[in-house]
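For reference, chains read A, B, C and D in written order, and residue numbers begin at 1 within each chain.
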């Protein structure tokens, strides 16, 4: 994880730091501009005028994985691409999150049965935080997925995990 | 800095401190103030850019973070970037890689020292202000080249090389386009240059004579190239070089590049304001409004920010040039034009 | 590669994750400084096995898969397949179905060209046209959504008919949209097409001479950009396109040699206006009828094979279907326009600069899924 | 030219190397002796009356007892279209490349090799194109069995 995680016991100071950190992280999730297939068009539409992902601070698409916070896996992951996606994920700096957008990246979608070259779910290669269903998901669904991710980030803490 | 020294004297017991502390305190305090000021300014510029861009594109831009029109968006971005993991690639040249963001940021920060925000609001009114400005500002390229080289990434390398070529080339017409002003004023001090333009809009150098009028536009275009803004943003051209020289940078180090880019934007706007738009001096002619109604610093900011707005406007409207076209523009169009302007202004001054 | 200066050649890998590779194209660039000596495309990062699926699914079930092949122009993709199966089965659809299909295909062509023009601006560093194009595209997607419930992948054309008839009053709203939209094309031209920098970046870059275009089997706007007037809608009409009055724009080489990136881009812009004309005529002539009248109970074509080609926004789309008399196709082979245009990339990108490579990839307007299928 | 005329022209020129033809409105085709494909391709491309300069489609079809290679060619000058077919044995399908006639054949043949394992003799760069280089088997053959794993990723 990031620079400060897991170094402190849980206390009042940590709680308020948590609040600031989580606020900052959830307020500016920069996505990696990385489209695979059909869902990428809907992802672009989500960033465009009518839906405007930037309202939530997530409009700064970064082209390089080093500077991105969330990876929106938008589309079918093939076996040839799966290796690359794993590498891209490893190149991202912590804390990093993954939104799996669309049926194909959730579980292979329509290509589940006869897709000899399709990875059946991106979670086979990288951990996924939020799954957005749909083929392709509507932009509203992606926005909802993003908000779910924000909620998830807000529940994080930098305190050391208790042993119990 | 004088005013800060006066202020510090008001605080009791400062005279009891050792002499070297007394000597170092005023510059240190001004440096801290300046740093905060530059950081806040850059963050504001980032927010402004996102909002202006969004409205040009029929969007709204950041709306929720912090409440009113997402005013806290840049703060959240900055905190988040500071908290991110700091990756130094295994194959990178570690020392250069770590030093590069600082070397990019420090010159843009140092250049603010001679920017006259108001009659007395200037950190140091050097008598070679303009020279200092150009000397310091051109140091940025060293940092960019270092970043490009040290990352051990081909895109970074391309970005660094492009940037070096571009900034070094555009320094020349930029410096030459300032010459007409200096010829007229006869001083390199920034405050002197502003004082020469007091007394209303008709005294601003941009409207003084045709040569300085053209020189303003020339300087503005060159300054766009120097701060790597569209249409000259080829060093970090997103669609070509991913992110150019800062492709491999994450977290805090990237934040420095980011802040440097936006503070540079304001810096060149400030220089253009000082040299051509009368700096802190008033807009309305002195024969109508004898006394300056709006405080100088506010006027300065308004003028500089309107230039920043133009930069943003251009960025979101224009496509970007290609490397060879950029060089063509510099060496075959801008440079001869700048030489003609210097010659013309010189002749005009002599005559 | 010339060994004399091979020491100066650097290999630069562009993609699969790269902002201007339109998905997951990978280009292996051999660069000498900024100049690209050779650009070798590598594809297959999005190979979703369409042809295998088509062999294992019944005829009507293949339609959604054709949608997903070219998701930017799904209406056109499914239209080609549906027409091929109808031709195999000998189904004659009524006029209303034909006209609605034309309206939908042309609306989809406009939407697709808007994406092409917008992302092309993006490739060249100009952001705002992209968002303006997407704004207008949303309005077209609204019509589709109203008609069949989906924004992007429709499954609207059924074998022998349509999923639904047009909703009440949609014709009027489409006309209203066209009245609003046609002047905006001029807006886009002022913002992007006639921008001096844009012309400089595209007008003498990525030239595909006509003979190269033909030899590489390039079709559609890319072929017409090279000055060859060939449009399936005009030269081998289907759906009764011969009843419509429209022009086939070709590249004129206004600012440089014919066949440049600029010509290909402008052909798309002009085609948008022609599509508007076709839609207006189709709506004016739209006859009443039942769109479900000719839908067969069971789709079981006779033994045989068929090749059907249609003009989809990216070029000529061909379906070669072999039927063995069962309810599943024996073989579906797709002639993908993007595949052929990329096969020649190595040739027409030689000697370009890195920035030009981006301009060329954008100008041929590829969709990677259709390329890989 | 109508398919009938094209067929007659081919028959006249190549005789028994065109063993079979079927002419219907859907997709008129002629079977070509695999050994003669390059010659036939060059003829239909160069002949003044045919000028089939556009290779529309090149693909394989697996008929369980044989593999067919299908060439759909059309002319941008005369706007006519015709289909050529070659029948190859299933265990070792080999045929001459037509890359020298239509350049686009390069990629089409790579795809046919990738999907069906058809070897195009004389091809300049016969590698897999869609599947990864280390892929096993030819996916579009009817007896293809799906691999279990690829690089630790389940299929």
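Everything below uses one rule, namely that a residue touches a chain if its C-beta (ideal position, glycine included) is under 8 Å from a C-beta of that chain, and two chains touch if they have at least 3 such contacts.
Nothing here was measured: the structure is a model prediction, and the numbers come from that model.
**Student:** Going by CA means, which chain is nearest the middle of everything shown?
**Tutor:** It is chain C that sits nearest the middle.
**Student:** Measuring centre to centre with CA averages, how many angstrom lie between subunit A and subunit B?
**Tutor:** Result: the chain centres lie 35 Å from each other.
**Student:** Please report how many Å separate the Cα centroid of subunit C from that of subunit D, as a whole number.
**Tutor:** Centres of subunit C and subunit D (C-alpha means) sit 25 Å apart.
**Student:** Where the centres are mean C-alpha positions, what is the separation of subunit A from subunit C, in Å?
**Tutor:** The separation of the two C-alpha centroids amounts to 30 Å.
**Student:** Using mean CA coordinates as chain centres, what's the subunit B-subunit C distance in Å?
**Tutor:** 45
**Student:** Return the residues of subunit A touching two or more other chains; collapse runs of consecutive numbers into ranges.
**Tutor:** 48-49, 63, 80, 116-117
**Student:** Would you give the residues of subunit D that are in contact with at least 2 other chains, written as numbers and ranges?
**Tutor:** 130-132, 139
**Student:** Got the subunit C residues that touch at least 2 other chains?
**Tutor:** Answer for subunit C, listing residues that touch two or more other chains: 18-19, 44, 47, 49, 52, 131-132, 135.
**Student:** Take each protein chain as a node, join two nodes whenever their chains touch, and name the resulting shape: line, ring, star, complete or other.
**Tutor:** other
**Student:** Judged by the touch rule stated earlier, which pairs of chains are there in contact?
**Tutor:** A-B, A-C, A-D, B-C, C-D
**Student:** Sort out for me which residues of subunit D touch subunit A in the complex.
**Tutor:** Subunit D residues touching subunit A: 130-132, 139, 144, 146-147, 150-151, 153-155.
**Student:** Quick one: which bits of subunit C touch subunit A in the complex? Just the residue numbers, please.
**Tutor:** 16-19, 23-24, 44-49, 52-53, 56-57, 64-65, 68, 71-72, 115, 130-132, 134-135, 137-138, 141, 151-153, 368-369
**Student:** Where on subunit B is subunit A touching in the complex?
**Tutor:** 50, 54, 57-66, 70, 72-73, 75-80, 83-87, 238, 242-243, 246-251, 254
**Student:** Which part of subunit A faces subunit D closely enough to touch in the complex?
**Tutor:** Its residues touching subunit D are 79-80, 82-83, 116-117, 119-120, 124-125.
**Student:** Quick one: in the complex, what on subunit C touches subunit D?
**Tutor:** Answer in residue numbers: 43-44, 47, 49, 51-52, 55, 87-88, 212, 214-217, 228, 230, 235-236, 304-307, 309, 316, 318, 320, 322, 330-331, 333, 335, 339-340, 342-344, 347, 372-373.
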